[in-house]
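In the two complexes below, subunit A is the common chain; its partner is subunit B in one and subunit C in the other.
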Partner chain A sequence: MEKELLELLEKVCEDSIVKEDLDVELFESDLLDSLGFAELLAEIELTFGVFISPSEIERSEINTPNKIIAMIKARS
Partner chain B sequence: MNFFEGYAFFLVLIVLLIPAIIMGYFEKSLKLYSFGISIVFVIIIFSKNWIQLLYLILYFILQLSIAAGYLYLRKKYGRNQKLYHIFLILTILPLVLCKLETLIHINIFGFVGISYLTFKNVQIIIEIYDGVIKELAVFEYASFILFFPTLSSGPIDRSRRFHDDWVRVCKREEYLKQCADGIQKILVGIIYKVILAACFFRLMEFLMADKSWYCIIGYAYMYGFYLFFDFAGYSLMAVGTSYILGIRTPDNFKFPFISKDITDFWNRWHISLSHWFRDFVFSRFIMTCMKKKWFNTRLQKASFGFIVNMFIMGMWHGLTPSYLLYGIYHGVLLALTEIYQKKSKFHMKYKNSKGYKFVSWFITIQLVMFGFFIFSGRLLEIIK
Partner chain C sequence: MDILNNIKNNAIEHPNRIAIIDQENSLTYEELETKSNHLASYLKQEFGCDNTPIVVFGHKSPFMLICFLACVKSGHSYCPIDISTPKPRVESILHTIENPIVLAVEELECNINDIKVVNRITIEKVIDSKMNEITEECRVAGEDIFYIIFTSGSTGQPKGVQITANCLNHYLEWSIHLGNDYDKKKGKVFLNQAPFSFDLSVMDLYTSFACGGTLWCLNKETQVSYAKLMESLGQSQVSVWVSTPSFADICLTDNKFNQDLMPDLELFLFCGEILTNQTVKRLKERFPKAIIVNTYGPTESTVAVTEVIVTEELNEAESPLPVGRSRTGTWIEIRKPDGTLAQENEKGEIILIGDTVSCGYYRKPDLTEKAFFKCNKNGVEYRGYRTGDKGYLKQGMLYYCGRIDLQIKLHGYRIELEDIEWNMQKLSDISNVVVLPNEKDGKVKSLTAFVSYRKEVDQPFKVSQQIKKQLKEFLPDYMIPKKIIFLDQIPLTNNGKADRKALEGMM
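Entry: the complex of A and B
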């Protein structure tokens, strides 16, 4: 699952740094914006069947690759 | 009497806030008291026009029934899209009827605050559909919807964020600090609205009399500053009052005139509105596009998303040509910004240099001011 998610994240962020540094801050370092965030949530739902509502979470809860992995694990 | 206007309002406000501060100081829950004040203000302010008060009561009962009914059916039938769409339309219907007034000249559901209350109700329906809201307590719902500081013009709070503050009783020290912050916000808000906005309004009126091009340009800028100080002042007073009642309503403005591009501007101007649209319109539009594979490229999808998003925002302001044009204008600007920043090598190379940032800021401010000029209705007036 982790590998698949990191592939997804690389595609959405268009940068391979997200695979190397799993604690990189995604919003502050301009890797994710509103568009990328929505795309990521849709991809997570399509690939893992895990639905995360865009208004449900604070961005600070999902701002690094590690936090996203943890959230999907907790919900699947 | 109107919200945050005139001596009478502030006099009543001070008298009613003093017991709240005393209760906060003794670490008592403010739930019941702040609901009581909300009802007092609703009665005082709406009773000068009984039809408005009647509409508000009717609207409240209607929306509560819609939300409670949908929650019941959502639990029974799960994430059913058809049901969701029906209830979403029902929730928005009163606002649509109200906004149609400009076209059909019949006033239905025309009462102060309906535009802002609709945001609160729509988000509840969407979050019930998402499974994020699982229960609806009537007293809390009423406290959230009728919370008087934000009733007429926002900032737009979220029900779950509101809930966290609503159930929490602050420790004395924390409450006093929050209360002091609140009073400071109210005072700055008064300076913004009563002094600065009033000054710019005067200049605006002065420049409006002349139809020469330089006066029209001057008018556009004065209107922009007037709009900011008037609305930011109002928002500060609303947020400050909320703080004193233990609710940390989110801020609405963050130095919009230093924005480095249009995207940045919408993170600084009327933030609670633009973030509401981001979370409940834009994100969901993009997610639907992805699932249904409507567009081939990211940029097409993003551009379309921005334009749809801002057009709906324009419609929400009112169904007049100026507001609709204002929405499309900002939608197109956001789309162009996205395309430019993703495609331009020049942008990628120089985006961190000082000169580039300065030029980018300068252009942004001119575009923003032109947007306000459309918003003011004067552009279309002059073209006619």
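Entry: the complex of A and C
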């Protein structure tokens, strides 16, 4: 699952850094903007069947590759 | 249509109806009318009424609207600048405008001598001082400039598109009927998503005023938080939705965004970028009752000039979607590179002629000369504009196919790639740079900069973060390339120009 998610993240962020540094801050470093975030959540739902409602989470809960992995694990 | 009269009549007929509301403040039509009159008296007394433009700096506060109307009521055009604009760009616009006064609704640091910044406190004092009523003779009317909106320019300097009172009034005569009847829009709530410095906002703002509606403004803070955004949309009672398709895509990510959240929503009006089949499909699922309208037009022809209702059938049948048929008062011509008219279905440059075409760029006769012309239609002289957009006509329906030059649309923002390149060249470690759009399904998704760097780059991510940080000081966020690729050298064509085709292959 981790590998698949990182591939997905690389596609959305258009940068391989997300595979190299799993603690990289995704929003502050402009790897993810609002649209990228929307795309990522849609892709996570499609690939892993995990639905994350954007209005029920804070950005700080999902702002690094590691945190996203943890959230998917917790919800699947 | 005379929009200033419409607003005045709204103030008489529905004095207590809310004209504009943001997350903090609201204004009734009566307040909007009297407060803008007071500020207009002050502007006239202090600065005359000579149709010189006045910059209005701020964000979504209802005060912005008081300032806009005060300018035009005292015979001045206004030029809105959003707070997201970096300082050097604000200063560049102030230099171009050359008016010694700025109305600053939000705090503005300005290092230009001889410019008087009238701040929020002063504006409020003037408004409360209840100065003499201003006479209507001063008003901006006919061919006077009503507003100036700055857009990206290929030389790295933004250029100001001048829209006359006639252009705006002609536009509104059409926009009040977009998608559904004027009667259905009367007194309804309109959504404002775009900043006022982006002319998409003219579609919601003045159409709402023309219909005696209420403008529901979403500020930056609300737009970046899904929780706040959904809460605000849920409270809004919005009937007419105006946004870029990208913004609708962002909202669609949240399952709450549907007819239950917004039961009053009757109409989606889209402009500013390509509307995709996918977005329409998802909106139809969530809002089965709402009408979806696609429109097209450059800032130079007052927001939009074509319209089409996107039904389920049309969405199934056509991909990409057409942008619509021209409004009454606009003629569309498709011209081939040799200047001759294209045939039906044949691609060429989209040329617009009609009663909403701008009178040119502010104090840029050379650029105006290149893009604008005059011509006769049915014995009347109209202005024409060469859009630089590629497209074709099929039975009167216009299809958009991208640009013939280096201008792009990203999330609705219009950007000259050369503008970014010019500004990136200012960084001393960058010896050469080419910026390319990254497209998906015909729509620009992000920007990539190819950079030849003077120093060794051992940690590209870190260096690109540094470059982006520096760029933020003088470019708006939406103009900063998402990805930076470092090259020893930018490949060149035989003519010694950057080889954009070769670089495209490297993306």
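One rule holds in what follows: the second predicted complex is superposed on the first by the 76 of 76 C-alpha atoms of A that agree within 3 Å, B and C clash if a C-alpha of one lies under 4 Å from a C-alpha of the other, contacts with A are read in each partner's own complex, and residues count from 1 in each chain.
Note that a contact is a pair of C-beta atoms (placed from the backbone, for glycine too) under 8 Å apart; a residue touches a chain by one contact, two chains touch by 3 or more.
Quick caveat, the model's predicted, so the values are computed rather than measured.
Would you check which partner chain A:Asp15 touches, where first means subunit B only, second means subunit C only, and both and neither mean what they say?
second
Is A:Ser55 in contact with subunit B, with subunit C, with both, or with neither (first, second, both, neither)?
In the superposition, A:Ser55 touches subunit B and subunit C alike.
Is A:Ser29 touching anything from subunit B or subunit C once the two structures are fitted on A? First, second, both or neither.
Only subunit C is touched by A:Ser29; subunit B is not.
On the A-aligned overlay, A:Leu46 touches which partner chain: subunit B = first, subunit C = second, or both, or neither?
After superposing on A, A:Leu46 lies in contact with subunit B but is clear of subunit C.
Could you give the residue numbers on subunit A that contact subunit B in one complex and subunit C in the other?
Dual-contact residues (subunit A): 34-35, 37-38, 41-42, 51, 53-56.
Could you pull out which subunit A residues touch subunit B in their complex?
Residues in contact with subunit B: 33-35, 37-39, 41-43, 45-46, 51, 53-56.
Over in the complex, which subunit A residues touch subunit C? Could you list them?
Interface residues on the subunit A side: 14-15, 17, 20-21, 24, 29-30, 34-35, 37-38, 41-42, 51, 53-56.
Taking the touch rule as given, give the residues of subunit C at its contact with subunit A in the complex, in rising order.
Against subunit A, the touching part of subunit C is residues 223-224, 226-227, 229-230, 246, 249-250, 252-256, 411, 438, 446, 448, 461, 465, 468, 480, 482-483.
Which subunit B residues qualify as touching subunit A in the complex?
Listed in rising order, the residues of subunit B that touch subunit A are 123, 126-127, 130-132, 158, 263, 278-280, 282-284, 286-287, 290-291, 298, 301-302, 305, 338.
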